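You will see two complexes here that share subunit A, one where it goes with subunit B and one where it goes with subunit C.
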Partner chain A sequence: MVDNSTDGLAGAVADAVAGAAAGGAAGGAAGTSGKRTGALAAYRRIVQSRVRAQAGYRVSFATDIAATLLTGLAELTEVYVIFHNTPRLGGLDFDAALLVFALANLTFAAADLLVGHCDRLPTYIKQGRLDVFYLRPLSLLGQLITSEVSLRRLGRISVALVVLVVALARGDVQATATTVGMLSVAVVCGTALHCGLFVAVAGLQFWLVDGREFANAFTYGGAYAAQQSSLVFPDPVRIFFTFVVPAAFTAYLPTLVILGLPGGDFADPALAWWLPVAAAWVWVVALVTWRGGVRHYQGAGG
Partner chain B sequence: MRGDLRTYWLLARAGFRRQATYRLALAAGIFTNSVFGVIRASILVSAVAGAGAAVAGYDARSVSSYAWWGQVLIGSVALWGWSEMADRVHSGDIAADFLRPLPLHLTYLAADLGRAALALLARGAPMLAVGALYSGMTFPAAPTEWALGLLSIALAVAAAFLGNYLVNCAAFWLVEIRGLTLAYSIVATLLAGLFVPVHWFPDWLRLVAAATPFPSFIQTPVDILSGFAAGPAAWRAVAVQVGWVLALGVAGASVTAAGRRRLEVQGG
Partner chain C sequence: MPLTPAAIGGDSIIDVDRLTRVFRRRGAPALAAVDGMTFQVAPGEAVGYIGANGAGKSTTIKMLTGILAPTAGTARTCGFDPMRERRDLARHIGVVFGQRSQLWWDLPLQESFEILASIHRLDAPRAARRTAELVELLDMGATLTQPVRSLSLGQRMRAEVAAALLHEPALVILDEPTIGLDVLSKASLREFLIRERRERETTLLLTTHDMGDIQRLCDRVLVVDHGRLAYDGTLTGLADAVGVQRVLVVDLDAPTEALHGIPHTRWLGSEGDGVRQRLAFDAKVTTAAAVLTEVAERAGVRDLTIDEPDIEDVVRRIYSATT
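Then we have the complex of A and B:
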């Protein structure tokens, strides 16, 4: 349990911010670069305090990891049950579906570890924790992102990694520039894309305090859509999950490239290389909604 | 006895009203349920198409119906995240609950039935329209089938609630139950047949599911309302639900009694 260490967080932040201020003063002549390293040092100390806080409660940490491991296994079972009944789903066989599952789960769980707590913004607002962020000389979004690191997601990440290795082996994937390049882009930019979705809906939450479930449609809904072959969806839904909430870019399109599969309408393998652009699009939307949300926010009062 | 019933009724009404207060949350729930319904129905319909024929008795229309009736129920049948009772054990507020003259699990159950009724009307019913428009649905034909379906939903809500209650009771013995509740929710969701029908499970997993109360939470009411189970099979399925509600209710009462002996509340 992490919430029982809020005092620890306050202390770490106070130390870190004081350190940052000192760093800024010392590097006064160096100007903004000194300030920036100061802020980075502050974020690093905050994140370190979060990691320590979780590792401190061993049994609790272990059961949390076991629970997210079970989440990954349960989702894998669902894929297995479907392929127990049908040889193909959306043009993919079981091995190809495993690769889609692995990439989607890996990138989503990594994003969930890094920024998944952003969808708890309404709780932060109600508790007045957000107002505290305003008092510190660090960016609001930076503080929200570093306010928690959900290490328990490592359980789900490890399931995804094992499935990834198995899927690559069963698909007999050779290490070429194309496959290695696509895999790296998929893991890095796919994680960034899911992170962007979390931040985008966090921005919306300033308006939707009681409607936080809207957020789940985009974050968890996007992750669920990302786990599927795009071809299971009728055209309008496929276009939505490719060009609006571009979930298809994180797993399905890269899988087409890695396994050399043909795809279909609005699901051309060549699209997969546009993943960095898709991730950038999500982040542009995320920063716009975040800025709008912050301007809209009037404080929790009291 | 009549006084007790009136208390339960008032608790249920309070649960209903409490839920009705948050209009924006209801709108968010409808939206999110629809998005997940679209994804689930697409996958299952596509799976039936991939198999080339009906899978374990499901054709495209009946599997779509299965997916959307599941979305109707998901707001009412609480599979995730109920920890009110565990929180009250940790805060000590549970001591005040024990001063009341009615059994703890039944008072909570009454409030949850009220919550579920509102969720069914406000969040569930719109899914019928979305589902019918998106990929097709089947509805019960006769009034008796509707009545049996609604009874099955009420039993599913009660069984799922009592299951959550039992897990919450672990808080009498353990300091931290987040991992336990999460693990329970994951297993329950899978074996309830929310994402893939229990009828599609390989034999070994179907046997495991049949030994648990979980199919009574989702698969049974969905089978009855979508017409997948009809006639004597439907009545048998409801009888199984009644059995699980009684078993979980008795277990809830005895675990509460054991936990109460164990409980120590500090301060005063």
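Then we have the complex of A and C:
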């Protein structure tokens, strides 16, 4: 066991959650023990400073938000163009595709906002910022996660939110236990799942110091796959994006449940309720990868 | 109190035993950056850790702070295993890496201190008292509200030192703290460290290329070369050990021919047709007075100075002796 006996998987999860909670509104989710509360306060302080620093540069902040807003709109246009040419694709009509688009973009952009900067780990290593993390009494992963908050992603998030409302209205979705429950699970666990992919990729980059492109294939590639109907993929690809990199869980499968659609092979709507398990799976892989990466960085062998 | 192994180990704030770190790179032979190093540092000592680039200084520090795992041997810092107990250790050490910042470049300096106080869980009165003290001693009052990125190098280094010392660590490790600083900034930083050590009995471990840092701050020197300890002792002892020569510079009444053949000296050169001449001698074999007497028999001496051994030269000699 190397690096931090106190930094086991559970500790890392708690710290990561602390980081995410610190990024959210109030710290109502404060840990039980004094130790965690102390770490939480420190993370919250760091995250607050990140928010202030970005808000301080008003013009660049505004242009950054506008840029991600345009990216979101461009991708929305793509969906529109496709369904202008074909009434159905992969078992979805335009309204269903909008809902998939909204959930995929919302969860990915929220994850990008919270932990997207993790793919800058090689830069942190080169600048020596990672070594500075080692000198502080906080977990490395917790510090990496809270080292930045990409508020510019709010542009893309707002596009996704508007599309979500429109899609729900056009699909005439009634507020039942099923739809509200599925929507909540999809947003929360879908975001967690994408966050886990970012962390896994950060862990990989300890080995691939110049591998940002390769690493992004998993995060951005996963996000792209999440935007599609699983049924457009051949079976092996669909299985890959359902059971290996479970991107299909973040948008397509919940959409089937919310709109009452039938799905297909390896794309059963009932699978959608396994989203928390899929997110947990991604996080287990992520933390094992991260841990291995840290050991590799320290040259601890293994 | 019974003498447990832990109590014995507690005598040293740094305890390094046969510490080894080997780097293996594909297509290159394995390199032992640190090779079986053993030394202890007692609480309150100020130790200069010197050596050429690539001698293994940074690798040692990384192993002392938990950044790197040893390949073999052990390191204990403040009684902690740096790898297993990194976070506990972090509360007791302060580290300044000359080349890497622990400040937030886009925030006013004051906010970096506030965040660090929160990270180290200092309560509000303690954080305020300590920050005020550091601001006064390091003369940072005018820079507190400035963003870190707009600070000059000297201002930033003082801020880095303050950041590392905010939580009043028992052990302070400074890696090239005065690199690139002007003479005044160097002097004030050294004054501060001397005072900090006197008042808090802080232990200092310092790597530097600036021998003034060593002369002013350290009472013990460790010289590392090719990952091994080449010398452990006082600075003057180091000069004696390698037999570095002092240089007598004499100004004579009139141009004089070269002062060759003065016993136990080596003639180094002359200026102004021999009005000023330089003679190297080994202080263990002869004395300045004896050399001067010999010179005075040949020519009238108007003035003299003695150049003390240049410590850079001392270190250079150690390296050339061990390679």
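One rule holds for everything that comes next: the second predicted complex is superposed on the first by the 265 of 302 C-alpha atoms of A that agree within 3 Å, B and C clash if a C-alpha of one lies under 4 Å from a C-alpha of the other, contacts with A are read in each partner's own complex, and residues count from 1 in each chain.
By definition in this document, a contact is a pair of C-beta atoms (placed from the backbone, for glycine too) under 8 Å apart; a residue touches a chain by one contact, two chains touch by 3 or more.
Predicted, not measured: the structure shown is a model, and the values here were computed from it.
By the touch criterion defined above, A:Val132 reaches subunit C but does not reach subunit B.
Judged by the touch definition given at the top, the superposed model places A:Leu164 against neither subunit B nor subunit C. In the superposed model, A:Gly299 makes contact with subunit C only, not with subunit B. When the shared chain is aligned, subunit B comes close enough to touch A:Ala66, but subunit C does not. In the superposed model, A:Asn216 makes contact with subunit B only, not with subunit C. Of the two partners subunit B and subunit C, it is B that touches the larger number of subunit A residues.
According to the touch criterion, the shared surface of subunit A, contacted by subunit B in one complex and subunit C in the other, consists of residues 1. Against subunit A, the residues of subunit B that register as touching in their complex are 22, 24-25, 27-29, 31-32, 35-36, 38-39, 42-43, 45-48, 50-51, 55-56, 176, 178-180, 182-183, 186-187, 189-190, 195-196, 200-202, 205. Remark: subunit A residues 1, 57, 59-60, 63-64, 66-68, 70-71, 74, 77-78, 81-82, 84-90, 208-214, 216-217, 221, 224-225, 228-229, 231-234, 237 touch subunit B in the complex.
Of all residues in subunit A, those touching subunit C in their complex are 1-7, 38, 41-42, 45-46, 49, 52-53, 56, 127-129, 131-132, 134-139, 295, 298-301.
Across the complex, subunit C meets subunit A through its residues 21, 23, 62, 65-69, 71, 83-88, 90-91, 93, 95, 97, 99-102, 104, 106-107, 111, 114-115, 118-121.
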